[in-house]
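To keep things clear, I will list the structure first and then write my remarks on it.
As written, the chain order gives the labels A, B, C, D and E, with residue 1 at the start of each chain.
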Amino acid sequence: MLSSYFQQIIVLVGINMIAVLGLSILTGFTGLFSFGHAGFMAIGAYIAAIFVARLHLPFWMAVAAGAAGAALVSIVIGGLTLKLKGDYFCIATMGFGEAVRIILNNIEYVGGARGWESLPQLTSLWVVLVLAVAMVVITWNLINSRHGRNMVAIREEELAAQMAGINVFRYKMVALVVSAAMAGIAGALLGNYIQFLRPTMFNMVKSTDLTIMVIFGGLGSISGTIVGTIILTVLPELFRNFAQWRLVVYGLAVVVIMVGRPQGVMGGFEMTPSGIRKHFAARRARQALEAELRAAERESAA
Amino acid sequence: MLSVHELHVSYGGIKALRGVSMEVNQGEIVTIIGANGAGKSTMLNAITGFLKPAKGEVIFNGHKLGRNPAAIVKLGICHVPEGRLVFANLSVQDNLMLGAYLRKDRKKMAEDLEKVFVLFPRLKERIKQQAGTLSGGEQQMLAMGRALMTDGELVLMDEPSLGLAPLLVKTVFQIIKEIRDLGKTILLVEQNAQKALEVADRAYVLEQGRVVKEGAACDIQSDPAIRAAYLGSKSVAGGA
Amino acid sequence: GGAQKSDTIKIGWLGPQTGDSALWGQAEYNTVKMMADDYNTAGGIDVGGKKYKVEIVAYDDKGDSTEAVNVAKRLTSQDKVVAVVGPQGSGEAIPIAPIMNDAKIPCVASTATNPKVTVTENGTVNPYMFRACFTDPYQGKVAAYAAYEKLGKRKAAIFMTIDDPYSTGLAQYFKESFEKLGGKVVEQVSYTSGEKEFRAPLTKIKAANPDIIFIPAYYNDVALASKQARDLGIKQVLLGGDGWPSDNLVQLAGNSLEGCFFINHLDMDGDAAKPMRDEYMAKYQKKAELNSYMVHDSLLMVIDAIQRAKSLKGEDIQKALTSTDLEGITGHIKIGPQNDPVGKTAWLIKIVGPDMKFQDKFAAAD
Amino acid sequence: MTQFLQQLINGLSIGSIYALMAVGYSLVYSIMNFSNFAHGSVIMLGAYFGFFSLTTLGMPFGIAFFIAACGAGFVAVTLERLAYKPLRDRRAPFLYFIITAMGASILIDNGVIATIGPTPKTFPPELLPSYLQSGSIQIGTLGIGRVDIAMFVITAVCLVALILFIDFTKMGKAIQATAYNMKASALMGINPNFVIILVFAIGGALAGVAGVLYGVKYQVFPQMSSITLKSFIAAVFGGLGSLPGALLGSLLLALIETFVSGYISTQLRDIFAFFILIAMLVIRPAGIMGKSAEDKA
Amino acid sequence: MSTILELKGLTKQFGGLTAVNDVSFKVAEGGISGLIGPNGAGKTTIFNLITGVYKVTKGAIEFRGTPIQGTEPYLIADKGITRTFQNIRLFKNMTVFENVLTACHTSARYGLLESIFRMPRYWKQEKELNEKARGLLEIMGLQDRMDITANNLPYGLQRRLEITRALALDPKLLLLDEPAAGMNPDETEQLMRLIGEIRKMFKLSVLVIEHHMDLIMGVCEHIHVLSFGCTLADGTPDEIANDPKVVEAYLGSDEEKKSC
């Protein structure tokens, strides 16, 4: 039997993974960069906590409500900000994330800044594992469909995507809503796992941590997202003995991986049978093209 | 003046140049023609130091050229790049003045600016407009004008007629001749082989990163194989 | 609870070694290390006739709730400590309570003053959570008493950190008690933690013209606030709580705090604190912080309980802790039914020049 | 009325610090097209350089100020060389730059905590020149801090000098050209590496100045970089990459904040700031002074 | 022949600059029309107006009799107008196949949930999309390059891929912005042939911007000439080639050949 500490790490990896997978759809595949995803996590967490601790409703309903709440808010936020470009969008999302935190600070019903303690512990290892796997499958299925391809097209060349009949705004919205819902689920699970909520848990540092995980693993790769999340959740635990040097090491790891391997750990490459097949097919095609050129050259030399 | 020895350049696995040698003498117009992807732009970019040759060297007026474009420009090579690399965020005027970035001779600069405006009156009309909002052709004109402002001895031009209206294509080739008449040397890369060969003294034909033919422009122009491959069955010159 | 392989007692510590409150975390860490060394050089701890060395297992929690939970899990399930001291903040102490209860390992918080550390929202006591400090309601009451009765002020203004539970809690308890005594809170303004510019809210306080300004905040904010208040021409006396005492307070605030008061857990310049003050200074060339004394008493409570329980089992130590009755550096500590020390002495300190002069002490004011 | 004037002065004083920090962001943004989130850490290091030169090394204040500017400039350039240049060489997308900057910021901030320690420091008043010492000039019931006046003047001088430099010198134009297209600017004989180093050096030096002034006005502490977030918002507010925009955005943001907390509610201040930010971006998606041309196809 | 697209008094201003000034013309159904004019005449701007990238300042655009100005760009594409760009805009990091497959999306109707839960309709339509994309690539002679990332493709093939991608939307009207830019005469001729074939095979109408007069004169049935945003001439290639205004403003008079 795993010690409860290890179980806890697995649970946190799983919760992070759900949030990061969502963010990966938004950032890695649609090319939008959010600094406010902790805000969606917070909404999910608090709604779920209200459902279980105040309304005494079942846990699954609380998680669903957390996801739905985050998704609804994301529709409003998306409607306002999705027309913004590049850094402006990420600043707007940062503003949103901070606003959520500050608003929660002022709501006494959920404990305000003091926090909200003695929530029931309903999130179990198995719930997290099942949901994390389900989210991987959902993300995978979404990305490998016409909808996912449309998102990637937007990331690659927005104007051309528009000309290809893609409703850019709608797909950005879909990406945002799906990612917000997943962040909401992650938040709901987190609150009901550590049995305590406090607005500062969802500050900008949390948002940036999530983004760092997406990019660390490699943009546009689901397996990269998974690997990135695992490494960056476990790494600080491994270095816990370093005390004050711990975060120095973390910062260094981020810089080194970005500088040494800017495409992230996996970088667009999928660790799946079809991903590997695709990788080799692309290589073969490139080699064929070169061989053709070489042949043509020999011909012209002759 | 410029000599290139056995230049090899590759992009990752793709070999774009496979041992190209050429000479450009003072005061002549030399043209490089070749199909898309033959390696023409690669050649110019390697000369001005944007690409690292795997092998070979480039000598300009006795200096071996390194990999620092700014230093190479200082030696008196100016390069009109492929595409429209105008400074989109700056005004037309600022673009032109940046052409003269390394120059100190204010009086001559003012004269050259007037000359540019005579050649391209369109630029004078748009002098305050942001270069990024100019049409494709206007940007091409600006790139030419900006190059004239650098006052280098050797001018490398990468497809200056790309995307220009027939009338302007004529103007451009006119200008190329005028620039030569100012005592400059020109290395011209063109898709519009017909036009290029008309103005050039000598020509190199590049195919898949190799020089397959070189000689006087007239000889190349009359070579039947070249005519078939690059000049098309009909004349390409303006008008039908 | 765990059987020890060798003859050591593993005691866990958690606190912020990084992040905003790293200063206190590091002071605590230094103290527990120093104490462990002392115990070990003296031959160890006697538990039921057998000598044990003390080993401190210390982890950084960044002052972050989630991290604290991680650390608590790690200490209880991985390192198998027999008891835990720290964390220093209520924001970390509250979330780890369920973990300590589940693992049946007692935890003695050092400066977590929020009532909910030991008593949950619905009134049940967290059996495995204890603390060495008094609570915020108590402190608020004491501060209000000092302001109203000792200093004779009738109109107070409150300047607090809006997103810090310590600050909002203390402000609330102060307000309640002060108004109960007959005083009036004429203005209450706040700032967000991390903020350094207080002129706008302070200008509002100035306009309200109170007799005294209560600032339940930490020393660096206090230093900034006092300087800025004086710049704005606010001349009133400032009063604070146990977030104030720090070696750095006066240094940071210059003379802007001259004649101001705060409530503390002890007289840090008094005789009771002298041995530890000197030892800490000799060892680290730094003055001990309030947290050093608090964590000292936390660890003292744990060791005392272990010795009385004559056992290294969490349940036994917990049981012994509930009947703690000992003399710490911070005064007499007697654990009451809610796992909090009852009737702990509060000390009113006045800032005079660079010194913190003891003024008065109150006990069990109910 | 007095309270209004007092709040106005408070706002302008904060605004001038925001501005000094915001132009650093804007400058780097204009050339590298990414938000340099490590800028705040450079500001923090600048403040520490100034503090230690003044106290430990016993330098006169002017020299300490100078060392802070140079030191911060040096740090900024080092960061560029070690962290951003490799990315630039690989033409990495802007996301990577942002993440690298964040990593660097985590590294520097925690490096300072681990080595120097987390305790805040104040500049000892006796070592400061008189115009920077605390205390205020009283006009009626109005108190204007001496530091605030000095800060306003120093900020104004720095910013005016910078704007003149960028708009009216050849070097300034070269910076703008490089900002747009490195290859083309190299063809004009401009050395893009030199320009980038120059920009980071200028941005860093301004960060050093800002850090010291901030440290003098408030405190010097390792988490200083997080407070610079506001100046970043100000830069966006004014329009990223535009220097006058950064200035305007800073003053506006500071005034809005001050008046909201002075007249409406201190609790609401930040929410207000963020809502105005979002509203602003919805109305003008590229900030007040940012140019948002229709995408040219 | 009926009209597929009609511009009525179309005007576009950028600040003070009038880039397109009261331009009216018709594009015949099933034909190939040309749009020419000196640089900066406003040709690309007209494409941007038709496809909804720019907002129309004044005037109307009618596609098969219904006005489309003010419609969202993706809806215009849905209605059957697609285009290529003067400077190539491919989905650079996608493979050639994925570029086309993505553009095929309008032929499938399965929804978000159907893809997430992999319902039967997903599999069926996904298979159809694959076949369609494959078929198009074969027609366009790109089948051997399917797995190459688009930005590794030689320039000429990139242009071809852009056209293929546009065709994947089953357009009624194809707008080509300088498709032969950067091509040599040989390649230009090939392109001319290709445009002709595509038009027949897909029953398209084509509007093309070009400076290569060979191509324009060779394939177009009708040509509209712009200059400084205004209509200069409108007519058959022969009429245009001999229109003195066009010769003066655009084509230039034939000059003597250089003698060797």
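Going forward, a contact is a pair of C-beta atoms (placed from the backbone, for glycine too) under 8 Å apart; a residue touches a chain by one contact, two chains touch by 3 or more.
A quick note: this is a predicted structure, and the numbers were derived from the prediction, not measured.
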item	value
Length of the shortest touching-chain route, chain A through to chain D	1
Taking each chain's C-alpha mean as its centre, the one farthest from chain A	B
Remotest chain, chain E as reference, centres from CA atoms	C
Inter-chain centre distance, chain B versus chain D - centres from mean C-alpha coordinates, in Å	43
Approximate Å spacing (C-alpha centroids) for the pair chain A, chain C	38
Centre-of-Cα separation between chain B and chain A, whole angstrom	48
Residues within chain A bordering two or more other chains	102, 105-106, 159, 244, 246-247, 286
Set of chain D residues in contact with two or more other chains	110, 113-114, 267, 270, 295, 297
Multi-partner residues of chain B (at least 2 other chains)	133
Contact set on chain A toward chain C in their complex	3-6, 8-9, 12, 101-102, 105-106, 112-115, 117-118, 121, 190, 194-196, 198-201, 237, 240-241, 243-244, 246-247
Of chain A, residues touching chain E in the complex	138, 141-142, 145-150, 152-153, 156-157, 159-168, 174, 220, 268, 278, 281-282, 284-286, 288-289
Contact footprint of chain D on chain A as seen in their complex	27, 33, 80-81, 83-88, 90-92, 95-96, 98-99, 102-103, 105-106, 159, 204, 208, 211-212, 215-216, 219, 244-248, 250-255, 258-260, 262
Contact footprint of chain A on chain E as seen in their complex	51, 53, 72-75, 77-78, 82-83, 85, 89-95, 98, 101-106, 108, 110, 112, 115-118, 122, 126, 129, 144-149, 152, 165-166, 168-169
Chain B residues within the chain D interface of the complex	48, 50, 68-71, 73-74, 78-79, 81, 85-90, 94, 97-99, 101-102, 130, 132-133, 146, 150
